[in-house]
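Labels A, B and C are assigned to the chains in the order they are written; within every chain, residues are numbered from 1.
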């Protein structure tokens, strides 16, 4: 399975705020285990969707400089309801603080306008070459992967507009 | 050992709420309602109760805060709303809470709205005093 | 992709504490997306491993009569990366347990290294969520989870010479 928990970026205010969507499909195989006869998006994948949305804010703002953007701390992530197959979870992350090294976000998830999850996230940004110069080429590969993924998700960026015009 | 002062209790309750709800200290005033002002969900209330039990070394049962025998009693509840008798019974059981807004629309699913920070502090103050005697 | 985020219990003290281990392997699809050129075990899935370990500990303490689901992550703090070929250990203990809910606290370790600290609150959903319909049976504790517990409590079946 692809570990991509954001299908589409809907809004992006550079360095400040992102709105993105994750659609849930019955074709997602893990649903057979979670749960049998009651398939719902696992809570930690709602968290992962919020983390990935916030990570895009970081990457876009820092021009993809950090090759790895990882969850350092999640606080008070509260779950209020479930996402069922066929539904779309709208995820919103608001940046509270952002430096080269770390960022803090207040994140929320909505289902048809109703808030069903919220939490505080701290992300850590790093490059492998900071720790071992021999990994600089891996950093570049990671950056290339992330830029390509971003172009797929964010239709607002110039590359996407060119494709649409064809 | 002397029972802690109200101010000492308030400080510990304030810390528990800051930790559980990701709110700032200055938002946690005596008058603030847990659900409306501090955005606590029902699971947060359970989390907060656990933290208070630990902080004050006391046991708090769900019944003391949201008495199921009143909230699910057909003599007190019509269409998920408390009638006059139900409200009276609830006020007798759950002291210190602010029922003024709740009374205008006594929806049992909104019962948690009656709890302010001050309510919690008074509740703990009373429990600690009772355990001293 | 299966939704089983630990491989084996190594300790299980009913009502108190459980330890489970998970091998991180390149056979796991999701690692190739997280992050392709440099696979690391996602923090969210490590939280799930802890939630499953702790959730079974909580469920067993009430004889699996409750549907125990993760309702709140109080805090999950990560200190180190986890990479393919490593084995991580989830060490969970129950802090509070009532009719309505339970809270657990625990650490994730790799060898002697502390990977993360995870504090969770579980809800017993039949008691807590009104207006939602659930199937009657306890769908949370699947046969796979019961088999993992049985492997610990009744290990003799594993020691079969060929």
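Quick note on the criterion: a contact is a pair of C-beta atoms (placed from the backbone, for glycine too) under 8 Å apart; a residue touches a chain by one contact, two chains touch by 3 or more.
Note that the structure is a prediction, hence the values are computed from the model and not measured.
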Query raised in the report: If you take the mean of the Cα atoms for each chain, which one ends up farthest from chain A?
Result: B
Report summary line: By C-beta contact count, A-C versus A-B, the higher one is A-C
Report task. With chain centres taken as the means of their Cα atoms, state the distance from chain B to chain C in Å. Result -> 32
Query raised in the report: Whole-Å distance, chain A centre to chain B centre, using C-alpha means?
Result: 36
Report task. Could you please state the distance in Å, as a whole number, between where the Cα atoms of chain A are centred and where those of chain C are centred? Result -> 23
Query - Per-residue overlap in chain A, given as positions that touch at least 2 other chains - result: 75-76, 78-79
**Report entry** Multi-partner residues of chain C (each touching 2 or more other chains)
**Finding:** 71-72, 74
Query raised in the report: So which bits of chain B are touching at least two other chains?
Result: 20, 43-44
Query raised in the report: Any idea which chain A residues touch chain C in the complex?
Result: 1-4, 29-38, 42-45, 47-48, 51, 67-68, 70-79, 81-82, 119, 128, 135, 138, 141-142, 145
Report summary line: Interface with chain A, chain C side, in the complex: residues 1-4, 29-31, 33-38, 40, 42-45, 47-48, 51, 69-78, 81, 132, 134-135, 137, 139-140, 142, 144
Report task. Mind listing the chain A positions that touch chain B in their complex? Result -> 75-76, 78-80, 106, 120
Report task. Report the residues of chain C in contact with chain B in the complex, numbered from low to high. Result -> 71-72, 74, 95-96, 98-101, 103, 121, 123, 128, 130
Query raised in the report: Once bound in the complex, which stretches of chain B touch chain A?
Result: 20-22, 41, 43-44
